[in-house]
Amino acid sequence: MDLLTAIQSNLFSPAVLFFVLGVFAAVTKSDLKFPESLYTTLTIYLLTAIGFKGGVAIHEAGIGAVWLPALVAMGLGGLIPLWTYPVLRKLGKFSMADAGAIAAHYGSVSAVTFIAATNFLKSIHEPFENYASAFLAVMESPAIIVGVMLGKGVLGGSKFSLSDPGVRHALRDAVLGKGVLLLIGAMVIGSLCGKRGMESVEGFFVTPFQGVLALFLLEMGMVAGRRLSDLKKVGVFLLLFGVTAPLMHGFAGVLLGGWVGLSIGGATLLGVLAASASYIAAPAAVRLSVPEANPTFSLTAALAITFPFNISLGIPLFFEAAKLLHA
Amino acid sequence: MNLHPMKLVTIICEAVLEDRIVEVLHECGAHGHTAFDVRGSGRQGERTADLVECGNVQIEVIAKPAVAENLLARLRRDFFNDYAMVAYESDVQVMRPDKF
Amino acid sequence: MDLLTAIQSNLFSPAVLFFVLGVFAAVTKSDLKFPESLYTTLTIYLLTAIGFKGGVAIHEAGIGAVWLPALVAMGLGGLIPLWTYPVLRKLGKFSMADAGAIAAHYGSVSAVTFIAATNFLKSIHEPFENYASAFLAVMESPAIIVGVMLGKGVLGGSKFSLSDPGVRHALRDAVLGKGVLLLIGAMVIGSLCGKRGMESVEGFFVTPFQGVLALFLLEMGMVAGRRLSDLKKVGVFLLLFGVTAPLMHGFAGVLLGGWVGLSIGGATLLGVLAASASYIAAPAAVRLSVPEANPTFSLTAALAITFPFNISLGIPLFFEAAKLLHA
Amino acid sequence: MNLHPMKLVTIICEAVLEDRIVEVLHECGAHGHTAFDVRGSGRQGERTADLVECGNVQIEVIAKPAVAENLLARLRRDFFNDYAMVAYESDVQVMRPDKF
Amino acid sequence: MNLHPMKLVTIICEAVLEDRIVEVLHECGAHGHTAFDVRGSGRQGERTADLVECGNVQIEVIAKPAVAENLLARLRRDFFNDYAMVAYESDVQVMRPDKF
Amino acid sequence: MDLLTAIQSNLFSPAVLFFVLGVFAAVTKSDLKFPESLYTTLTIYLLTAIGFKGGVAIHEAGIGAVWLPALVAMGLGGLIPLWTYPVLRKLGKFSMADAGAIAAHYGSVSAVTFIAATNFLKSIHEPFENYASAFLAVMESPAIIVGVMLGKGVLGGSKFSLSDPGVRHALRDAVLGKGVLLLIGAMVIGSLCGKRGMESVEGFFVTPFQGVLALFLLEMGMVAGRRLSDLKKVGVFLLLFGVTAPLMHGFAGVLLGGWVGLSIGGATLLGVLAASASYIAAPAAVRLSVPEANPTFSLTAALAITFPFNISLGIPLFFEAAKLLHA
């Protein structure tokens, strides 16, 4: 399969097409609206399911196979803000707060992008390390903490202080937030239950999984579509950043994945994680702790540019890169 | 029937702030609150409440006039500059003034 | 299978029995209540699933097989208000607004009635054109537009005007409304993905489908049951209309279906669509554009008379009629 | 602390009207609104909010007195006859009058 | 525009009471109400509304002053001792006084 | 399988582990929160599914096999308050209202505990009477009525009166409440449909069932966890009562189950039902009719002590007891 076939096969998947339908619904101002509780429910389901499956995989593979690549993934997440921050400051002319906020979003990860990538690999029958969702789990928090510190000015002057109630709330959310809690929690459960536990809950956590993702992407399409009008407020630099940052981070992730011994599928997933930008954990934590930052910048870039780019083109691109690397 | 004047402070703000506001209102001397999710629009644009992270919440606090004033001053100091927020005060009459 | 067996087999299906349970819950004023968001979620699921399956079927059958019967279905929907309106005016003594409103409801269609009919056919192993959900999709809007125009008095005097904000909002809802958008959107997606896409989402859009319908009919039973007390406000004429209109439209649909070359199952479905009355798209659009109409009339007739009639007796009746026609 | 008098207009009506009311209130000069779903009963009977189409919505608008009067007059003209609706006005005190 | 003074009674209480309160307010002569689910805290502790059985509901009633007084007295007599509840009254202005 | 293996196999099931995760989330004050409507939806689903399956089983077994054990179960439920009430009054020094309220909770039953027990039996391949959910259905109301009468003082003085509006609302809720209505309603439907109906809805009511329970227990864990801080308000006596009452009632249920001819699995389930305490039907009904009772006592005991005890240790204990009895 070459790049074009890969892209085409990805674009014509139900998930991506439902995302497009959602964008269409938002742009045409259709009265279609998902209840807020449905959005939350789908999120809980997807995180729990992916975490549980990852845990069962860890049970099979043994923690010995997982800890090293997981550590590398975590390091990558924590480091990304360190180079995106100066770029945003110098080239993008963003304020300290805004640069830190955006850096936090791009260092952290998007679970749905990751899930879309696993579905892509499954649909083309490319094997991958099932425990890769462990990388997803450990990459969520570090970048948020680093980004918040940068945004509060640790580098110069520093208003960063644990006695700031906003910072306190934000740190708690970043570390004990629902995303991390569900992922790691379900993962521990899966690794305690193993195959036998999986048998009993397979009809819920596996059978409908891919269809639920398609429905969720319909909603994500609407959410992203409603922000398309903010694109002009965001400036050309951030538009470019929203595409080049995932490209660079994605290739870096693929490289690291190959280096640490992951399969083609696994390296693809690490690339996708690095490339993805958080739109759940990061926004809430950053809003609380760096309120001077304008959320329009980071959310629009993450949701309306990087997210669609990754699920449409990024995933097959990083997959082809991983193949090249292994060849 | 004996009714006693009290102030109702209504705050509409980003959902992400709910926990912090509740902390603040207790610090200011209020003894209770009521909250619920809303959608809306204002100077900071529309809040469609589609992403939970973009939600809007309305918080209502009944309190003695001095506490209400205190609370509004704290809100102005700590939140008005950085967050989408509206806060206003109105007059209400309660039956058990010692509750508030 | 004769008529009685067909009726019995339909009445003892989980779907119909759950509907009866819902009516019972409403009439006994039980505290059972579905969260509003559950109702919306089930609607979104059912429409998306039926649309997607229809799209995959179109992919298999080719658009060439679909367009003619779809056009016939659409025409039927648009024409029904033209004869129901004068009947309601003359015989029923309804005001212009009320007659137009009711005509709009009966020309438009009920997706859930259609889905119940497909389940009935499946349960008796009667094949049907899977792309029939395309008829459902195209029959929703035309009758609403025609009915609204009649209700606003296009025939005499005419207050109908696109500058009326109510009419503008109503037309947008009728054409871009969530029902049409989900159905047609999912159908396009299904026809782009074909069988391969279906494989990946089958565990969500197919496996639990019939059970979800049963749960939804429990809620529909409660909604209909709460309106039973309005039956006396509605008058004898509308009670009769609520049963005879679906009978006449149903047989007309079966005839047209046979004439345009549909199978027994397909003709049954076209009959069911013609017989069904909208209780989602039409009420909202009509309320906005013909506010003088009393919604109690149209909603009670559609929900508390025609809907139960169709899912209990109508479906097996139209099926037997389709069999007779083919014999 | 300086508080400024303002009017709060509260509208409770059929959910189907929400978009139109929001249009109208901007036309009348209001700069924001808050909305949420409610259930209730009144002269037009119970609104159980079971079908989304039978829903009820509460819309709150803070505005200058003249805008509030304007808005109430528009509501009376355009909606009172045909729709289930209640609208009322009350006095509130805000901190930043220029927001409204 | 002619506006007419009326009372708004707001009740915040355990969700389990909603049906009974609605009965009571009709008995007291009110002709309508609006209700929605809330969360909150007060003297009886936090009401997280996690179990539906621990829910909190806000009920708003517009009524003539005499009816409002009547209603508050009934609430005090029948519910104040046993249930988590807050009730207060405020002044509003309506356009169609005959509705209430 | 001995007791320890049974306990271990139960503790390492996804359901129990997700409950623990929920408690952890509550205790660490994570921002994880289930939407209220999700809680309601899962409840509706679980009750409907278990009721429907029970009904199909009744259809297979014939009502003749069911009525006697169901009557015994019902009697047990109604009698439990009669001995718990004096114990709570005398030993626990509780007021009349509080003793009646707690007795009502412990005589009534918890559907989720029952479902967890059926999953445990399934996972160890122990057969049981599928119609046992009929016991669940008939055990919900009687104890509530008895407990409320005790709490209102029927034994001495008596403020119990059907003209008390609180009592009226409470009785309606206890008898026509959503729990009873869904269970018995779905059971009747299942017994009318039989195997054929089951085939059509199996993909919804059976396939995902165990996984849904796991998700629900995550939420239950959070609900219970939030009440842990109330444990100290509740006193040592109630802590002990929350563990000894289920033990005694559970063994009584197992004995009765054996006596009335149930299999090992069936006797286990009757034991679990007797041991379980209601936290849905009873709290609402008791709150309305015995408002002087402090809900912190009964809810904390039922939710934060007895519920976790039963799903972790109680279920395997009662199972071993039932085995001993049959040996």
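Chains: A, B, C, D, E and F, in written order; residue numbering restarts at 1 for each.
FYI, contacts are C-beta pairs under 8 Å (C-beta built on N, C-alpha and C of every residue); 3 or more make two chains touch, one makes a residue touch a chain.
Quick caveat: nothing in here was measured; it's all calculated off a predicted structure.
The minimum number of touch steps linking chain B to chain D comes to 1.
The chain with its Cα centre farthest from the Cα centre of chain D is F.
Farthest chain from chain B (centres taken as the mean of C-alpha atoms): C. Between B-E and A-B, more C-beta contact pairs are found at B-E.
Spacing of chain C relative to chain E, judged by their CA centroids, is 40 angstrom. Distance from the chain C centre to the chain D centre is 34 Å, each centre being the mean of its Cα atoms.
Across the assembly, chain E contributes 36-37, 90-91 as residues in contact with two or more other chains. The residues of chain C that reach two or more other chains are 33-37, 40, 207-208, 284, listed in rising order.
Of all possible chain pairs, the ones that touch are A-B, A-C, A-F, B-D, B-E, C-D, C-F, D-E, E-F. Those residues of chain A that touch chain B in the complex are listed here as 33-34, 36, 39-40, 165-166, 169, 219, 222-223, 226, 279-280, 283-284, 287-288, 291-292, 299. For chain F in complex with chain A, the touching residues are 12-14, 17-18, 21, 24-25, 28-38, 119, 122-123, 206-212, 214-215, 218.
By the touch criterion given at the top, residues 14, 16-17, 19-20, 23, 37, 48-55, 82-83 of chain E touch chain F in their complex. Listed in rising order, the residues of chain D touching chain E in the complex are 10, 12, 36-43, 56, 58, 69, 72-73, 76, 80, 86-91. Those residues of chain C whose C-beta lies close enough to touch chain A in the complex are 35-37, 40-41, 44-45, 48, 52, 172-173, 176-178, 181-182, 185-186, 188-189, 192-193, 196-197, 200-205, 207-208, 284.
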